[in-house]
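Dropping the structures in below, format is structure tokens.
Each of the next two complexes has subunit A plus one more chain, namely subunit B in the first and subunit C in the second.
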Partner chain A sequence: MTRTQIILTRLVLLGLVVATWELLPRLGFVNPRLLPPLSDVLTMLGQLLGRAQVQEAIWVTAAEVIVAFMIAVPLGAAIGVLIAENDYVGDIFRPMLFYVFSIPKSIFLPMFILIFGIGFGQKVAYAAFSTTFVVIMSAAAAVESVKADHILVARSYGATRGQILTRVYVPSMLPVLLETLRISMIFNFTGVMIAEMYASRTGIGHLIANWGENFQMRQLFAGVILLAVVAILFNEAVRYLESRCSTWRA
Partner chain B sequence: MQHMASLTRLHEVAEPTAIEVARLSHVYAGPEGGVPALEDISMKVAAGRFVVIVGPSGCGKTSLLMMLAGLRHQTEGTILCNERPINRPDPARVGVVFQEASLFPWLSAVDNIEFPLALRGMPKEERRRHAEAMLRLVGLEGFGGRYPHELSGGMKQRVSIARGLVQDPPVLLMDEPFAALDEQTRMTMGHELLRIWSTTRKTVVFITHSLTEAVYLADEVLVMSARPGRIIDRIPVTLPRPRTYEMMATDTFGRLRDRIWQQIRKTTQPGLA
Partner chain C sequence: MPLRWPAPSTMRWLILATLLVFWELMPRTKIVPELFLPSLSKTLAVLYSDRLEYVEALGVTLYEVAIAMLFACGAGILMGALGGGVALLRNLLLPVFSSLYAVPIVILYPIFTAWLGVGSESKIAFAGVYGFFPVMLSTAAGIRTIDPQYVLAARSMGATLSQQITRVVIPASIPTVLTGLRLGGALTIIGVVVAEMLTSAAGIGYLVTRYRTILDSPRVFAAILMILVLSVMFDVLARGLERRTLAWQTAGRRPRRSREIMQAVPAGAPA
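After this line comes the complex of A and B, so read on.
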């Protein structure tokens, strides 16, 4: 199949999903109270975006996501580099980190509520906590993706430690690091959502949980679409950067 | 005519010594005490000579080369290059060509060649001029913009050689540079290397597993023993230069190749010798 054919097929499939969503409830095959038609949902989304309460929730969620991200990524990257570069630290902490990494982080949520209460701090702390581990693992993998041969080549041409860092480590690690950013944002976003849906007074996750409990399906689906669009946009933005930075990868 | 330079090598006058290794030994720190890796290695390489080191796997030939490059430190003994000791990498005196995957995949061919110059902070235009000259020397004119994954194995090693030569060091160390290539490419690259050598007149120390390659390239072949590595034979290769593929079928070539093989066999299977 050519590239155009693939894109066309994708568009047709998307059209089918949209049409099915619109027509099934309209034609009475599905109860419209369970699945409202897409056009109703989009109209609701437009109305919601105009409401002060929803706008505030969006800002709160965005702030939580950004702050948690800014804590988790540098912290996880520093720990990851440390366990990959320092044999001593690596030998001691690697197994512990792997054990904790395997535990579903949501079971710790009640503890975060006990420590931080219900609010901004609890969301940020929990999301940062659940994201840090994946950043640690990826950053360690990024360091290990640096080839010893390349370091040796640089040394043989008299490179200083600083030059080895900027001219070998950074370009070697960049593709993995960008992927880390992307994946950690997925974990981070998920962390904030879970924390908001579990116990919260505001935020998009809180609104979605409320709408679900109150059977407000149009609002619920509108919230889902909003979140999906934001998440996909971020993901694609980083992917675009990745593809630009790694033209050399075969 | 490109071999004129190498013809003059036949009448060797007393050339200055490019590399002098004296009583070099090396002991690795193993989990159960020291493991002797190299033992009492002494060698002298005259300027402009092509010396090949062969030996069984694990005999420490790569370690020896790393020490000649200043990348590793020996436990005992001295290494002089142009009469001054080597104890850390000095790209002005020694260029190194590594095994296949040593090019930086995120740099184009020409940027790879410029890498050593960029480390020294040479201005961009001057760097490019040097790199372009090297591309011409190794027969890759017009391929400078390609990335390593867009080059064949042989072309990648041409780029590596160009990178090793770009600072014009008097000594070039080569660690099994053609080991990953198929046999046909390997033969061509050996021939190309001799052409480049005869135009640049570098002192070359070349490590290989291939006996044919050793005899074909060398002025002198040093045979190393199994660990701990010692030099157990020094075989002057009397074949005239320029070398040709036809020489491989001669008796002299066969006898030299056989002598190396017998030495290696003796050291790896002492019971069968």
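After this line comes the complex of A and C, so read on.
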């Protein structure tokens, strides 16, 4: 299939999903109270975006996501580089990270609530905590993706440490670093959402949980669509940069 | 060398032991308030005295995990194999699925509770969806790592399509499937626990939330400890199974490096 055909087929599939969502409740195949028609949901989304309460929640959530991201990424990257560069530290911690991945981080939420209370600090701390591990992992992977041969060549031509860093490490690591940022953002966003849904007074996650409890399905679906669209757009933007960066990389 | 560092594995046990000692001593010496972190001995004592309640909750959680795992791994491996193996589906749908993966799935949980109630069904549905995407993506990626030379060799020796599938593709994809099972299991455990913590009336995650709201820290930590042991035990078991089945395939290979771990866990398990 050519590229245009693929895009066309995808659009048709998307159209089918949209049509099903709209028609099933309209024609009475499913209860519109359980699945409101898409058009109703989108109208509701428009109304919600105009409400001051929702706008405030969006800003709170955005601030939490950004601050947590700015804490988790440098911290995780520093530890990740240490693990990749120092064999001894790496041998100790790499197998441990295996287990950390399989542990639900959310079970530590009660600790964060006890220590930080229910507020901005707790959400940021939990999201940063749940993101740091994946940053460690991908940062270590980024450092290891630098080919030893390239470093050897640079060194034999008399490159200084600084030159090796800027001319070999950074260019080789760039695509993986972007991937790291993208994946950490997924984790970070999820972390903030869980924290807000679990115990919070504000934020989009809190609103979504509330709408669900009060059976306000139109609001709930509108919120889900909003978050999904934002997450997908960010992800695709970084992926686009990634593909731009890897074209010249063998 | 004046100072010899202990072997990495010894060091790991030392770190674990130090953590446990700190867990016991920090609250006892009042450096950390008991409310934030009750001592290990107190947690274990509570776990023992309330063992009936905890075992019952564990039963509920395990039941939900088992059913959700069935869905997540079954559908995930099947769809992943199709998506990875059939070029048409691969080009058409895989990029769409990996875009969808960016959406924090936890925001769907209120929909599941509104549709299915607060019982086990909503947890199973949520954890099933939660585990499905990564299992599918990792299976699809794994299927594509099968060396095309194998299939080519089989075909040139006159193997029929069904022989190619049963004798070449299936044996070659066992590692991928096992990784998918491990990943799916770990993720469904996480999904069930998260769901139970958010809205439910039974299970270990529910105990965490219930005792947190009444500030009964030892009982919160008893539940946390149980979940930790559960997920680490699952990981050890699954990894052991993988090693046993794959001894002949990975023999002589270098130990896995971070990059391979990342690929085995495509973006892993948020939450």
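One rule holds in what follows: the second predicted complex is superposed on the first by the 243 of 250 C-alpha atoms of A that agree within 3 Å, B and C clash if a C-alpha of one lies under 4 Å from a C-alpha of the other, contacts with A are read in each partner's own complex, and residues count from 1 in each chain.
Going forward, a residue touches a chain if its C-beta (ideal position, glycine included) is under 8 Å from a C-beta of that chain, and two chains touch if they have at least 3 such contacts.
Values in this document were obtained by computation on a predicted structure and should not be read as measured data.
Asks: Going by the contact rule stated at the top, is it subunit B or subunit C that touches a larger number of residues on subunit A?
Replies: Partner with more touched residues of subunit A: C.
Asks: In the superposed arrangement, which partner chain does A:V168 touch: subunit B (first), subunit C (second), both, or neither?
Replies: After superposing on A, A:V168 lies in contact with subunit B but is clear of subunit C.
Asks: So in the superposed three-chain picture, is A:L152 touching just subunit B, just subunit C, both, or none of them (first/second/both/neither)?
Replies: first
Asks: Which of the two partners, first being subunit B and second being subunit C, lies in contact with A:A209: first, second, both, or neither?
Replies: A:A209 contacts subunit C only, not subunit B.
Asks: Considering only the touch criterion stated at the top, classify A:L8 as touching first (subunit B), second (subunit C), both, or neither.
Replies: neither
Asks: If you lay the two complexes on top of each other, which residues of subunit A touch subunit B in one and subunit C in the other?
Replies: Looking at subunit A, the two contact sets are disjoint.
Asks: Please name which positions on subunit A make contact with subunit C in the complex.
Replies: Checking each residue of subunit A against subunit C gives 1, 6, 9-10, 34, 80, 83-84, 88, 91-92, 94-99, 101-111, 113-115, 130, 134, 137-138, 140-141, 144-145, 182-183, 186-187, 189-191, 193-194, 197-198, 205, 208-209, 211-213, 215, 217, 220-221, 223-224, 227-228, 231-232, 234-236.
Asks: List the residues on subunit C that touch subunit A in their complex, please.
Replies: 5, 8, 11-12, 15, 35-37, 88, 91-92, 96, 99-111, 113-115, 186, 189-190, 193-194, 197-199, 205, 208-209, 212, 215, 217, 220, 223-224, 227-228, 231-232, 234-235, 239, 257-259, 261-262, 265, 267-271
Asks: Can you tell me which positions in subunit A touch subunit B when the two form their complex?
Replies: Going through subunit A, the ones touching subunit B are 147, 149-150, 152-159, 163, 167-168, 171-172, 174, 246-250.
Asks: Taking the complex as given, what residues does subunit B use to touch subunit A?
Replies: The contact residues of subunit B facing subunit A are 69-71, 89-91, 94, 96, 98-99, 101-102, 104-107, 115-116, 118-120, 147-149, 167.
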